[in-house]
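You will see two complexes here that share subunit A, one where it goes with subunit B and one where it goes with subunit C.
This part shows the complex of A and B:
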């Protein structure tokens, strides 16, 4: 097991910058995700670590050892591609054993370790099958076994679950976590799916437009998204521009009391989750942090009702999540608890 | 009585059968018959083949034809891979241009291209003049009217077929396969032989069949670049039919050529069936 560190990584294609000054570190044995929308530079970052792309500047360190001059075939990094990239003309056994064969192991060792790896991913007795005879989930497992069997220093996963249907994806998410923990291999995963990143990772690196926006544990990112982009990407529904005034903040002329004004960037935005809004009665006299508005849209999501409420906070409606049976219409009154207000850097 | 659907199908395909029969089957049968008959002998005979067997010119042409076809196939394979891979790695905007360049020679007459080679290879041609000017040779190298000239000309002629076949099968493959192989510890050379070549086997088989068959039956190129001194089976047929008017001998050579082609097709099929079992 090894740690992987990316230091001030820059990758340019001519005039286009794919990755701008990215830095993060995956501790030995941990699982780190790069989360971001398509085209944000996350796959490019992964490919530079794999050695498929040269880096323009910066460093990639494997256990404090620079990787720059090591070609991909000497990096000892296992990769699971989005398409799995199983060799179609080889059996499952030959696919998994390929990395060991390249390392010139004895045939008996190759067979034994291939068997073990396939057992570990839950596919015993499939050595003689061909990839085309397997389902999507099984191919994924073979790809995992192939990337893990030679005990790589690092495993890279490129959108590993995106080719699977929803039910299988949930199942494989648990499997992936289990296999990663069992093998203890340092893993770097690239995904655009925030749920995947949150459930699997020890650390999350959020990227947008070639820039690392935030690095933190899933909890840190969930509780304290640093910027409007991160907040929006992880599903904070309500984001409005705001400014600091005496005793609190103002959103479009509406005053709110909020936490400490320290460390507030300027300019800034505030965000709050639809589920953090508290409904209050119209005759409630307490007016602090109150938002009043009119319901203009409604959606039923199964375990809750989601409403669009037109308020004085801005042209964008406020999104409010209510309990299952709570039907709302006309004017509604909500309270925004000060501790639930997220202060966000503008992007 | 109304026709059954089978009867109707037969009725509808009858004109096609008749045309194909007239144009292909009957001449082939005539060839067959004349190969086994001789104006001097009554009934069927192997005299024509016997005559060829004892002719140095014919046996030389036989082996030369096989040698040329095999050489051309090997050369187009060796040149085909870099071209096909280069094409697939090229910028998407450049690809249509490259494809046009690749296919363009096919639109130029074989005869015109053979004359092009004559200009290059003849004793007073560009190649020899350059070599003489550079002092590398003291007298013109004799390339034109040798087997090498035929191989060169046909390789250039048939290269596009190999490249296009290889591109077709490489294009279908997952573009990450090579990277997957390298990430598993295989260097680019190992990756080429262990992954790229196996992945392209269907295209390689198609390309080999096309190039070999076309090289075997090429006529204008051997005639113009090989000349009378280096006959191949095709040019030998021409000589027998139009110079010595020995139609039976021409038919016998033709039959040998057909058998050669069929043997190769069978071989290609057999290899294909063995190898492609793990593909589909």
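This part shows the complex of A and C:
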């Protein structure tokens, strides 16, 4: 097991920059996700770590040892591809044993370790099957076994769950976590699915437009998204431009009291979650941080009602989440608790 | 209406089969005549022309050299074709379009033009006497495009992450090529190889410029036989060749399957 560090990584294709000055570190034995929309440079970053792409500048360090001049076949990195990339003309056993065979292990050792690896991913006795005889979830398990059997220093996963249907995805998410914890291998996962990143990771690297926007634990990213992009991407529904005024902030001329003005970038935006808004009665005397508006749209999500409320904060309606049995119409009054206001860097 | 459409398509199919196979059937049937000229249907049946075929001095010699030439030419074409196809499928070099054009030109050019040009070059370098080598070289030239085309499409259709998976698992590029790239291209290699072999074995227009006293091929010998004789031996030879083709076809279908001809 090893730590992986990416330092000031730049990858250019001609005039196009796919990754711009990315830095982050995955501690030994941890699981780190690169989260971002498609085309943000996350897969390119993964491929440079695997060695399939040269780097334009910067460094990739495996336990403080630079990887730049090591070709992929000497990196000892296990990779699970989005398409799984199982060899269709080989049996499951041969697929899993391939990495061991390349490492010139004795036949009996290869067989024993292949059996162990398949058992570990929950597919014992499938050595003689062919990949086409397996379901999507089983193929995924074989791909995991193949990537782990030779005890790699690092495992890379490219959108590992995207090819599975929703139910199987939930199941495999737990499996993936279990297998990663059990093997203790340092794992780097690339995904566009924030839920996947939040549930699996020790650390999340959020990327957009070739740039690392934020690095942090899931909790840190959830509680303190640093920029409007990150907030939007992790599902903060309400984001408005704001400015600092005496004693607080102002959104389109509406004054709010907010936390300390220190470290407030300029210009900045504020964000707040639909679930953090508190409904208040129209005759409530407390007027601080009050938002008033008219319901213009609603949707049921099963356990709550979601409303679009047109307010004075901007042209975009405010999104408000209420409890299942709470029906709203006409004018509504909401309070925005100061501690729930997220200060965001503009992108 | 549906029924009418159905019987129409059945009729079309029957007509198609007749059109394709009719002439061949006529040759096969008339090869069993006892007369010393071709008739259809024969008035009397015999196998005397088959006996005649095997007594011809040139038959055994030319069928053997045809086989040897076709096998060697196919083997060389396969190796060259696989390498070129690999470069075209995965390479990112500037002259790609040029290579593609050069490799596929023999398919577009009338073979007789190619043969004439080749013959002139050989005469210029005083090499026209090396019939065996010349025939192999010429056949490689005209069969490489078949291999390139079918192997290229097999390789282009292969998910590149399979190769990357192999590299990532510790297999250097050459090992990856042998372990993953070649097996994935196998259907293309087999079908390209069979096409190349058949084309080489049947060719007249190119071979006619390259044959000579030291080596000749069966189709060329048949052509010259037909020129001065109207006896049914060519029909008997055709039937023998047809049988050989059928046997190869059956073996292929039993081992690698016929899908390789239908795919892509």
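The working rule: the second predicted complex is superposed on the first by the 347 of 347 C-alpha atoms of A that agree within 3 Å, B and C clash if a C-alpha of one lies under 4 Å from a C-alpha of the other, contacts with A are read in each partner's own complex, and residues count from 1 in each chain.
Note that in this section a residue touches a chain if its C-beta (ideal position, glycine included) is under 8 Å from a C-beta of that chain, and two chains touch if they have at least 3 such contacts.
No experiment lies behind these values; they were computed from the predicted model shown.
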> Does the subunit A-based superposition show subunit B and subunit C clashing or fitting?
Replying inline: clash
>> Going by the contact rule set out at the top, does A:102 touch subunit B (first), subunit C (second), both, or neither?
In response: both
>> Just checking: does A:268 make contact with subunit B only, subunit C only, both, or neither of them? Give me first, second, both or neither.
In response: neither
>> Quick check on the superposed pair: does A:79 touch subunit B, subunit C, both, or neither? Answer first, second, both or neither.
In response: both
>> A:50 in the overlay: touching subunit B, subunit C, both, or neither? Say first, second, both or neither.
In response: both
>> I'd like to know which partner A:130 touches here: subunit B for first, subunit C for second, both or neither.
In response: first
> Taking the contacts subunit A makes with subunit B in one complex and with subunit C in the other, which residues are shared?
Replying inline: 50-52, 71-79, 81-83, 85-89, 98-99, 102-103, 146, 150
>> Can you tell me which positions in subunit A touch subunit C when the two form their complex?
In response: 50-52, 71-79, 81-83, 85-89, 98-99, 102-103, 146, 150
> What part of subunit B is in contact with subunit A in the complex they form?
Replying inline: 173-174, 176-177, 179-188, 190, 195, 198-199, 201, 278-279
> In their shared complex, at which residues does subunit C touch subunit A?
Replying inline: 159, 161-162, 164-173, 175-176, 179-180, 183-184, 186
>> Could you list, by residue number, the parts of subunit A that touch subunit B in their complex?
In response: 50-52, 71-79, 81-83, 85-91, 98-99, 102-103, 130, 146-147, 150
